[in-house]
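Take a look at the structures below.
Next, two complexes with chain A in common: one pairs it with chain B, the other with chain C.
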Partner chain A sequence: MFRYILRRIVLTVPTFVALMFITFVAIRLVPGDPVEVRVGEHGISPERLAMFRRQLGLDQPVWKQFLDYVWRLLHGDFGTSLSTSNPVLREFLTLFPATLELSFAAMLIAVIIGVPAGAIAAVKRGSAYDHILMAASVTGFSMPIFWWGLLLIMLFSERWGLTPVSGRIDLIKYYFEPVTGFMLIDAALSDQKGALLDALHHLALPAFVLGTLPLAVIARMTRSSMLEVLNEDYIRAARAKGLSPFRVVGLHALRNAMIPVVTVIGLSVGALLSGAVLTETIFSWPGVGKWLIESIFRRDYPALQGGVMLISSVVILVSLAVDILYSVINPRIRHAR
Partner chain B sequence: MKSSKIAMCGFTAALLVSTAASAKTLVYCSEGSPENFTPAINDTGTSFDAARPAYDQLVEFKRGTTEVGPGLAERWDVTDGGKTIAFHLRKGVKFNATKDFVPTRDFNADDVLFSINRQWKPDHPYHKISGGKYDYFNDMDMPNLLDSIEKKDDYTIVMKLKEPNITILADLAMDFATIQSAEYADYLMKKGTPEQFDQIPVGTGPFAFVAYQKDAVIRYRANKNYWGEKPLVDDLVFAITPDPTARYAKLKTGECHFMIAPRPADLPEMQKDPTLKVISQPGLNVAYWAFNNLKPPFDKKEVRQAFNMAIDRDAIIRDVYLGAGTKAKNLIPPTLWSYNDKVPDYPYDPEKAKAMLAEAGVKTPLDIDLWYQPVQRPYNPNGKRIAEMMQADLAKIGVNAKLVTYEWGEYRKRLQDGEPITAQMGWTGDNGDPDNFFFLRGCAAARIGGQNIPKWCNKEYDEMLVKARTLSDQNERAKLYQKMQEIEHEEAPDMKLAHSIVYETMRAEVSGFKQSPLGRHEFQGVDLKQ
Partner chain C sequence: MPGKDGADLASTTALPEPLVFAQPPDFAAFWSIFRENRGAVFGLIVLSLVVLCAIFASFIAPYSPVEQFRDAIRAPPVWAGGAWKFVFGTDGLGRDILSRLIYGARISLFIGLSVMGLSSLIGVALGLSAAYFGGGVDIAISRLTDVIWALPSLVLAILIIAIIGPSLFNTIIAITIVYMPSFVRLMRASAMAELSKDYVTAARAVGVGPLRLMLSTVLPNCLAPYIVQAAIGVSSAILEAAGLGFLGLGAQPPTPEWGAMLADAREFIRSDPWIVTLPGLAIVVTVIAINLTGDGLRDALDPKMRRS
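Moving on, here comes the complex of A and B:
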């Protein structure tokens, strides 16, 4: 078991190296450098342009810039954002809790609705419920997030007035200093009556929008995995022993059917973070997704490189965790090695 | 005893909450996060708007105009033929306190010296803090304008210029010339955290900074002791909302009272909504089509005039600007003082254009290059689409236009070097002084690498441009500028295409907002009717 985990950890190293290289090169392939893109009709004198390029190290050969970057990264230095002059790591850490909160809530919604919905569909295979659910999941899977988000805002917020349009809390009624960066926790800590409820109210719609895609995937995956498991001999044996249908399906079948679902959940984290970019933009959610998009427009190389590295690290760590979790749920995997 | 204390606390807390709820809060849905809160190191309207409530300048634009009036300087004397300006500073102006800094002295000349010298002197202790890029200070050519700046006494600043240039007053009203607290700067330097200076603003402005959370919210509290036009609301909140559709939705549900930059497509619906108010005016910009006056056949005035009549600009405004633009006939927009409305516009008349070309000895078909802008600009929503429409119009007078473009930085550089024979370009004004537009057609800017894209240099025009800089009487200056607009119309160094139209949208209960020709969003004097 320990050897297995160690091996998985060692395997992430080449992934990180490739990542460093790709983010570094990709941003430099986009035309316009950080100094150029900020200049409007005024233009910029060649002397000033040269001065800023020198300051930012852009006058160095690219391979040297890369080595400098890797060297600093190895020392835990993610650089300084060009547009705000703040350390990239600090900016990331201020914004990341918001993304994490949103992604976590989205995943929670996806699992809580997706797993039972898929399981029921499997049990009632071929029923109208099954057909409707599968059609809904295809729709959910192919829904463009931007459009879906705006549609729901139009209906829930504008038409029915059920949820706020965007933001994380009512800015007029509540004001407290962020402590953890997680609005739910900060609201609960704030002693302001109704703040927590209001924060939840703000979280509901964006979390649902972001959770739609994983919800669709999880429901489908649970269904097909359940169908497979329900045909197994041990389920027949369990039934034959006279166990209640709930125990058969809910405990014996579902637990075994969850193995591929856990993998899918792990894999969805990447999709969730990329979906967060759009969700955050529509719902004015102050997370890292929106920050990265702006960094691209500003050609803020350090923020972009640092941000992508940090987010990728999260994705890599999550998939590592899923692999480990996998072996915990399914003893066959850890014993096979 | 204990329980009564707790009850007491609860009561006080409830009281606090209820007063907070009855306080007037104005919520402004802005489009993005500021880079930081020192305008001198920023260059976006978003950042300027975000910091402006906290600050004042020596001289200030009267709200809703481009006219320069007193600010932290109560009055000023111009002597030495426009080369020396003495500013007499306002007394008893207090800086706003923040959580961990309480100012001990009033605003004085040291703060002015600090704010200018930080940008000007490379050896200033704050020069390199936060990146040390002072784009506007350099763009407005301040290092070449300023000779010296001295403190005569605590409340008098004497500024000497290298040559007479009265337009510096408009420069000093710009955001980059914001006056910040020298005492605060010293305090942070001693504490070892000078970067905080640009993150937590301490100024003398109508609002005091409370808090900022990146990509979420900026909070201001009214400065009840403000020396100028008083804020009428208690709190000012910037709700950062990047998506224009979401901003509109928030405006409709009342989550914000005012929004920036509505989508043109939403305007008709907004204008019909009785709970909303939409106002508009031309923006401080111009889009033009430059002819290279050094290259034949555009060295002939008649040819340039003919090309002015060849393009159906109304069609372009209608189909490309979609209502967010208006036809231009002068280089400056009509919101600027000295705009000459008597200047006639060139009509759209392809027949006459064709005849004039023939008369000027131009053989058709004529091949020219038409360079179009590769990026969207405030005054040009779609360079390529406009170029295609122009191409079609030109074909009607026997001119084959080849469309050319480059990446924006390269494009601008080649235009300034005078490479294209005809090219789209434009300008966004900085300080609302007409000189900030007309210098674009001055002889100094017509050099290779200069901003005069048509490379047109007219002696008479240029003399008036230079003379206007020495006059402190605005009426005298306006007369010169009006004459210059007539010359420019006659000589037609370019074809004026359009000014954008800027829309501001707010809820009906918002009163007292004045739309600024400079595109500023200022909230002192703005109120919410209940």
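Moving on, here comes the complex of A and C:
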């Protein structure tokens, strides 16, 4: 198993190199001279232009520039944002907890509803409930997430006034210094009355919107995985032993059916972050997705480059962690090769 | 190698391996399985209607999608007390929403089919090359697809759009690059499985050249799962394109793209909800129809993946 994990870790190195290469090339393909983008004016003297080029290292051969870029990345230097002059890494780290909080809450909703819903559908296979759930699941992953968000805002916020339209907390009523960046934790620590409840209130709708796609996938996956497991011999053995149906399904079957579901959860981190870009835009949620989109419209290419690099790194590392976890849970996979 | 081939020949004499997709499955058999899946038939009917709308948009649509009726800005639809002149109402610039939705079908299907066509072609070319040549070629292609695969699709698409600029055509390019890896991987895996089978060895033995071997011997046997993947790819591409359009990074105004229509409509969410509701409904209905049809295709073409 140790060899498998090592092999898997070594395999991510070329992926990271390729990622660095893609972001390096991408920024050079952007229309316009990087010096002019930065200086932003015409009629600059040739001497000053040459000075800027030297400063940015653009007078070096391209392969050297790339090595330079890699070197800086390895030292945690992800460039400087053009619009705020802050290091990109710092901007990312202040915004990332908001995205993380939203994504966690979304996944939590998806798992808590999706797993039991799918398991019940498998047990009651062919029933009306099963058909309705599967229809809902197809609808769920055919849903354009931004429209789903707008629709729910229209109903819950505009028509019924149940949830706030945007943001993470009511900034007029509650103010406290961010400690962790996670609004729920900060609100709980702030000992201002009602702050935690208000933060939860703001989180509920965006998290549900972002969780809809994984919810649909998890419900469907749990159902088909359960159906397979329910036919296995050990389930028949457990039934023959006279265990209660609840124990058979809930304990023996569900635990084994969860193995592929865990993988799906791990693999959907990328999709979750894609969805977060749209969800954050709709709900004005101050996370990295919204920041990335705004960087494009501000033509802040270093922020875009660093942001893509950082978000992708997170996804690569999470899928690495999921693979390792999977090999620990399921011995079959690590002996396969 | 001769020893291995000999062993394979010996084993085939005992039990000939059934060639499931040696020929394209005949249509009657395909249809009889497809028909069993009621959802798929329903999806196909809806999808056909959308396709007809797209093809005959200029005959069906009551108005031009960009014509602005300045005296009827944000006219309500019929069920909200509007006139029959604008059945689905008009948008913020007085354009007929029904006409824009009908023309939008053309654009969304065009994006979906172009992405599918392009990424299928790239998938076949790269997947077959990786399987046939192996070694360095295989490693290079696999690494490339791995890294694209590892990135969140929308983030990568956004990066590409930031470089090449937002437009309908560039949307297609960006989404093709994002979705290509799944096609390459699928083709590579099934071509590798096929290459080890006896009929390929037989074809090689009678002297079939590499190009013909890959394209007319191996390729047809890899197509069934590929077609299923392509069908599902169309719906993902439509969703992704609508997402980019919504962010203002896809088709540009006044193109009646469904996602872009929603972006324009956001400010009317309080006053005129139908401007927000209808384009989204068009996207959902189309994507559900394609997904249901894809499920049916999978049942009929790919018995191994048949849903339990």
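We adopt the following convention: the second predicted complex is superposed on the first by the 290 of 337 C-alpha atoms of A that agree within 3 Å, B and C clash if a C-alpha of one lies under 4 Å from a C-alpha of the other, contacts with A are read in each partner's own complex, and residues count from 1 in each chain.
Quick note on the criterion: contacts are C-beta pairs under 8 Å (C-beta built on N, C-alpha and C of every residue); 3 or more make two chains touch, one makes a residue touch a chain.
Every value quoted in this text rests on a predicted model; they were computed, and no experiment measured them.
Chemist: After the superposition on A, what does A:281 contact: first (chain B), second (chain C), both or neither?
Modeler: Touch partners of A:281: chain B and chain C.
Chemist: Mind working out whether A:6 is in touch with chain B, chain C, both or neither, as first, second, both or neither?
Modeler: neither
Chemist: Figure out whether A:273 sits in contact with chain B (first) or chain C (second), or with both, or with neither.
Modeler: The answer is second: A:273 touches chain C but not chain B.
Chemist: According to the stated criteria, A:139 is in contact with first (chain B), second (chain C), both, or neither; which is it?
Modeler: Second partner only, chain C.
Chemist: Looking at A:172, would you say it contacts chain B, chain C, both, or neither? Reply first, second, both or neither.
Modeler: Only chain B; A:172 stays clear of chain C.
Chemist: Kindly classify A:153 by the partners it touches after superposition: chain B alone (first), chain C alone (second), both, or neither?
Modeler: Once the two structures are laid over each other on A, A:153 reaches both partners.
Chemist: Let me check the overlay on chain A: which residues of chain A are in contact with chain B and also with chain C?
Modeler: Comparing the two interfaces on chain A, one with chain B and one with chain C, the shared residues are 31, 150, 153-154, 158, 281.
Chemist: Give the list of chain A residues in touch with chain B in this complex.
Modeler: So the residues of chain A touching chain B come out as 31-32, 36-43, 45, 48, 52, 55, 82-86, 91, 94-95, 98, 150, 153-154, 157-158, 161, 164-168, 171-173, 175, 177-178, 191-193, 281-287, 290-291, 294.
Chemist: Inside the complex, what are the residues of chain B that reach chain A?
Modeler: So the residues of chain B in touch with chain A come to 13, 17, 20-21, 25, 27, 32-33, 35-36, 41, 43, 130-133, 135, 138-139, 195, 198-199, 211, 213-217, 219, 237, 239-243, 245-246, 249-250, 252-253, 255, 377, 407-409, 412-413, 416, 425-428, 451.
Chemist: Under the stated contact criterion, what part of chain C meets chain A in this complex?
Modeler: On the chain C side, the touching residues are 39, 143-144, 146-147, 150-156, 158-165, 235, 239, 242-243, 246-249, 259, 262, 266, 269-270, 273, 276-277, 279-280, 283-284, 287-288, 291-292, 295, 307-308.
Chemist: Please output the residues of chain A touching chain C within their complex, sorted ascending.
Modeler: Interface residues on the chain A side: 14-15, 18-19, 22-23, 26, 29-31, 135, 138-139, 141-148, 150-151, 153-154, 158, 224, 227-228, 270-271, 273-275, 277-278, 281, 292-293, 296-297, 301, 304, 308, 311-312, 315-316, 319.
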